[in-house]
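Each structure below is given as structure tokens.
Heads up, the next two complexes both have subunit A, just with different partners, subunit B and then subunit C.
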Partner chain A sequence: MARTLAPVVAVERSANEARAARRDRLAGAAFTLPALIWILIFFAAPLVLMAYFSFTPLSPTGGRGAIGLGNYRAFFAESAYVEALWNSVVTTAIVVVLSLLLAYPFAFAIATKVPRSWQRLALAVAILPFWTSYVVRSYAWLLALSPSGVINWTLHALGVTHHPLMLAYSPGATILGFVHFFIMLNTLTIYANLVQINPRYVLAARDLGAGAWRSFLTITLPLSIPGVMVGAFLTVVLCIGDYVTPQILGGFRELLLPQVIMMQIQRQLDLPMASTMSLLMTIVVAIVYLAMQRWLRMARL
Partner chain B sequence: MTSPCRTDTKAARGALLALIAGVAWMVVSTPAFARNTLDVLTWCDHEDPALLGPFEKANDVKVNFKDIDSTAAALAVLGQSKPGDWDVLVADETDTGRLAGLGLLAPLDAKDFPFGDIPTAIASPKLTSVNGVLYSVPEKFGYNTIAYNKTTFDAAAAADINSPWDPKYKGRVAVYDYYVPEIEYTAIALGMNPEKLTDADLPAIKAKLIALKQNAAMVGDVTTVQQALATGAVDVLFGGGEWVTAGLAHDNPNLNYTIPKQGGVRWQQGLSVFATSQKKDLATKFIQYILSPEGQGKLATSSCYWGMPANSKAVLTDDQKTILRWSDQPTYIKTTFPYLQMTPDFDKKLQAMWAEVLQSK
Partner chain C sequence: MIRFFSRYFGTALATLYMLACYAFIFLPVGVLVLFSFQDGRLPVPPFHGPTLVWYGRALGNDRLMAGLGNSLIVGAVSSALSVLLGFLAAYGIARYIFPGRRALQAFLVLPLAVSYLLIGMGLLVTLSAFGLSPSLEMVVVGHVVINMPLAFAIVLAQLGEHQRRMEWAARDLGASTARILLTIVVPLIAPALIAAFCLCFTLSWDEFLISFLVTRFDVTLPVVIWTMLRGGLNPQTNAVGSIIFAGSILLVATVEALLFGKRRA
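The block that comes next holds the complex of A and B.
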């Protein structure tokens, strides 16, 4: 009897397993669906729309022109626009490097030198400037850098300068404003990664005779790269598309791409050309993402 | 004790009611829904209750306005609206041709408005009409000027359009970032007629603008250049509107403005009726009210920004006339050029050239 029932039981078990698997799949789909719909509506659809717009340049009279590559040709034919894209890439690269160089030692000190009970307070102090508005922070830098600002006052008081320097309204001021913001962001991502590294690795290396510098270079630094890369990628995404800081601190000494995009909209409402430029910027960010994908592990944060 | 299930149901019901109320409010607040309203796309100077109140009372109507800061902003709002949602537009009259070309404006009858009281140059059909058809009624104007700090910049130097290029003032000059008046000012400095610019004039203008940028400390928007002048970061501002110093005059009486002896640039705004408006008669009445001596006085001294009223019979006090430099107006109008009348194509060329100037090292 048992011999005859065995196949039936097996079939039933298999059917039950299949049902359970289907239920799991349905539950998974149900949980994923809201996020998927959200992404489709608020990311994919606007992106497709933007791509479509970018291929429909304005006609010479200001109406909708024929579909084609006119906007892309116009963009690459205008040296000022290409230069704006290049300026954005270079500025972003400088900001990424400077932010990481300044944020890493800061995060490292908080993660390894500050007693655990004080780390939260140290982090809170580190991100304190986040509590004020981004625009307010940019204007605060403008005041600090002005001829009668605190920096010029200090330089003059120390006898370093005899006349106020024009420190604001320059690409350097833009980079300063950016770096101030992104140090905080990178400190957080790097710190979050550093505290996850098992301290026994470094202790083992030290037991085996490695010096502090060597154990940092061969153990701590490589293991903290995901945090560094996540910080770097977020910096790229937020910095390359930022309009406020260069607008307030840059003084139009050179144009970044977001400023050129705004120029298209503010005067002529040339949304097709603005879409073309935005899409090109999105492509740059996508290239950066692909290049960094190997190290981007959000789960480590 | 309330069960969690009942609490959830109540919360869901509350959320649903809030949603319905929200949607209802959105529907009710759309311009098309309200019957007894006049819907106006306007700059901030038409929003004072003191200006709108008498018109609303006289016509038993509510003026529903939406704030815009440029013609592009108006076009963006129109893109999100249904035909007929908006009745009146306040716009820079340099865009009259472009807006009429897009079929957005209704023809107007000059006889309905006090053109006899408007200076001839301000009433010029070049700014208000296309092919002899009136589309915009001028209501307010002013000047892009040389603004300067009297304590650090010589008044005689400010009267010379070439001073901002003088190496003596290197690093002390701010340049307003709106390319239309800057290009016109530069054309005047080059001895050109800024109303008749062609492609052939652009290389010389570009070279001159690059030289200006190299002598300047900064190029910036209204807020930025105003702040630079106020904090002493610069001593002179090239091409900014007179409102830059007018807004600061109370706190800093050392700030002044002038129009160079070689000539300057004049901005001018006008009122138009949308072609799709269902309330054209009321819209015309609104324009008539704004152009009336009382309306003009209130518009000229708006809490947002002051400017010269188009109607020379505007009701203003002597103090207000002094601040507006009333007695200088005949000379100012004579020595200034209005904003360029451009095709969208030429406008794009100027914008690209301006970008090249800003990118120059």
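The block that comes next holds the complex of A and C.
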């Protein structure tokens, strides 16, 4: 009885499964649809529109001109714009290097010197100021750096300086503000990578006679490169596109690209040019992504 | 002996370095909070006080309070929308098999890899192309774009296999999909949903650039603070900054407790 029924049951089951699979496809798509539509309309479409804008420069009369590369040519013909792009790239590079150099030992100390049960807390405390807006954080640095601020006051009290140093409103202040933020970010990504490394590798190396430095340089450091790279990439994305920190701390001697973009929007009322600049900025980020792709992929595994 | 000494020395050095890092990280926030209690016109040393007068001023400042109200509304609405859309999408991807699932997942988190300036610019260009005027609604739209991917990722990580059995059992007993969602899935991952809401709210309430680009008259709190900065250093700005900081910390602590509290116990 059971034997004769088996094929029938199997056929019915496979029909059921096919129906279930079809329903799965429809239902799965239906659940993701609202989010997909939102991202398409309010994220993807605006970016496409921006690209279109960037190819239709404003004509001298104020209307929109013919489609062409006019804006891109105009960008590279204007030395102030190219300089802003260059300043942004250099500033970002300095910030990436400095924040990684400072964050790595910090993350390493938390991962190796702090007792395990306290590590989460140590990390949570280390990134606490991360949760304030750029505006408040930059203002706070302005307070600390101002001629009568805490830093100058302390230096004066210690007798190191006799006249207040002009610390705020300089490219150095911008870099300081950025490095402060990205130390927190990079500590987080590097720590997350360090605790994933199997401690037995280092123990094995030590057993085989390698010193502390040698085992760090040949084992821990290479294995932590993916975490370093994720941190570096996030730093590039967030740093090159930030307007607030340079605008509050940087003064007006050396403008960065986002500042020039905002000037196009607010003063020149030239949205097509602002779109062109934003896309050029994105191209720089994309190039960095392609160059680092290998390590970013590894980090995901 | 040398080895013992060098290890001791290394630990001391690491401790010193960590203390220096903590000092550097907390320097600006410490200065901000300390001088919000300053009894004087300028938030710089020497410190006099403490006084709560600047908090009183801030709470009595109509523009600031209007900004605070707007920020709370934008934060609540955009976070609720982000969690709702993110949850539905995560459920669809975790529980159903359909072609293009992986690509869709990658596409939905794409806004996380793009700077806020680009998202804000895109919305501004859209407003201008359709002749719409800047408004708080556009801030909500922008904040959902940046926060929904995050809510999606958080919920997706929490939709494990173990809840699936209960869903199957309920389905066998004849429950509809809507009923399964409301009576089983949502209660089971409620901590993740609340945590995602709090995180989205924190990010929305701190966000400046998108709000700055797509609003004009009705603005959010960070934009009001931005305009206050033109007046130079002022303890009232310290007070508002400290309030924002405290609010963010409270929300992040809630997230921490909800998402990781269980694991520790």
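Here is the rule we go by: the second predicted complex is superposed on the first by the 252 of 301 C-alpha atoms of A that agree within 3 Å, B and C clash if a C-alpha of one lies under 4 Å from a C-alpha of the other, contacts with A are read in each partner's own complex, and residues count from 1 in each chain.
Going forward, contacts are C-beta pairs under 8 Å (C-beta built on N, C-alpha and C of every residue); 3 or more make two chains touch, one makes a residue touch a chain.
The structure presented is a predicted model; accordingly, all values stated were derived computationally and were not measured.
Asks: Output check: A:104 vs subunit B and subunit C. Expected answer is one of first, second, both, neither. What do you get?
Replies: Once the two structures are laid over each other on A, A:104 reaches no partner at all.
Asks: Between subunit B (first) and subunit C (second), which does A:142 come into contact with in this model arrangement: first, second, both, or neither?
Replies: Both partners.
Asks: For A:78, using the defined touch cut-off, is the partner it touches subunit B, subunit C, both, or neither? Pick first, second, both or neither.
Replies: First partner only, subunit B.
Asks: Looking at A:191 after the superposition, I want to know if it touches subunit B, subunit C, both of them or none. Which is it: first, second, both, neither?
Replies: In the superposed model, A:191 contacts neither subunit B nor subunit C.
Asks: Which partner does A:265 contact after superposing on A: first (subunit B), second (subunit C), both, neither?
Replies: The answer is both, since A:265 touches subunit B and subunit C.
Asks: Would you sort A:248 into first (subunit B), second (subunit C), both or neither based on which partner it touches?
Replies: Touch partners of A:248: subunit B and subunit C.
Asks: Is A:125 contacted by the first partner subunit B, the second partner subunit C, both or neither?
Replies: In the superposition, A:125 touches subunit C alone.
Asks: Could you figure out whether subunit B or subunit C reaches more residues of subunit A?
Replies: Per-residue touch count on subunit A favours C.
Asks: What part of subunit A is shared between its subunit B contacts and its subunit C contacts?
Replies: Shared contact residues on subunit A (touching subunit B in one complex, subunit C in the other): 142-143, 146, 148, 248, 265.
Asks: Tell me, which parts of subunit A touch subunit B in their complex?
Replies: Touching subunit B: residues 58, 60-63, 78-81, 83-84, 87, 142-143, 146-148, 166, 168-169, 247-248, 251-255, 260, 263-270 of subunit A.
Asks: Over in the complex, which subunit C residues touch subunit A? Could you list them?
Replies: 10-11, 14-15, 17-18, 21-22, 24-29, 31-32, 35, 42-46, 84-86, 88-89, 91-93, 95-99, 101, 104, 107-108, 110-111, 113-119, 121-126, 128-129, 141-142, 144-145, 148-149, 152, 177, 202, 206-209, 213, 222, 225-226, 229, 233, 237-238, 241, 244-245, 248-249, 252, 256, 260, 264
Asks: Taking the touch rule as given, give the residues of subunit B at its contact with subunit A in the complex, in rising order.
Replies: 70-72, 75-76, 79, 98, 101-102, 171, 177, 217-221, 224, 227-228, 231-233, 343-345, 347-348, 351-352, 354-356, 358-359, 361
Asks: If you look only at subunit A, which of its residues touch subunit C in the complex?
Replies: 21, 24-25, 27-32, 34-36, 38-39, 42-43, 45-47, 49-50, 53, 102, 105-106, 109-110, 112-113, 120, 122, 124-126, 128-129, 131-137, 139-144, 146, 148-150, 153, 180, 183-184, 187, 212, 237-238, 240-244, 248, 258, 261, 265, 271, 274-275, 278, 281-282, 285
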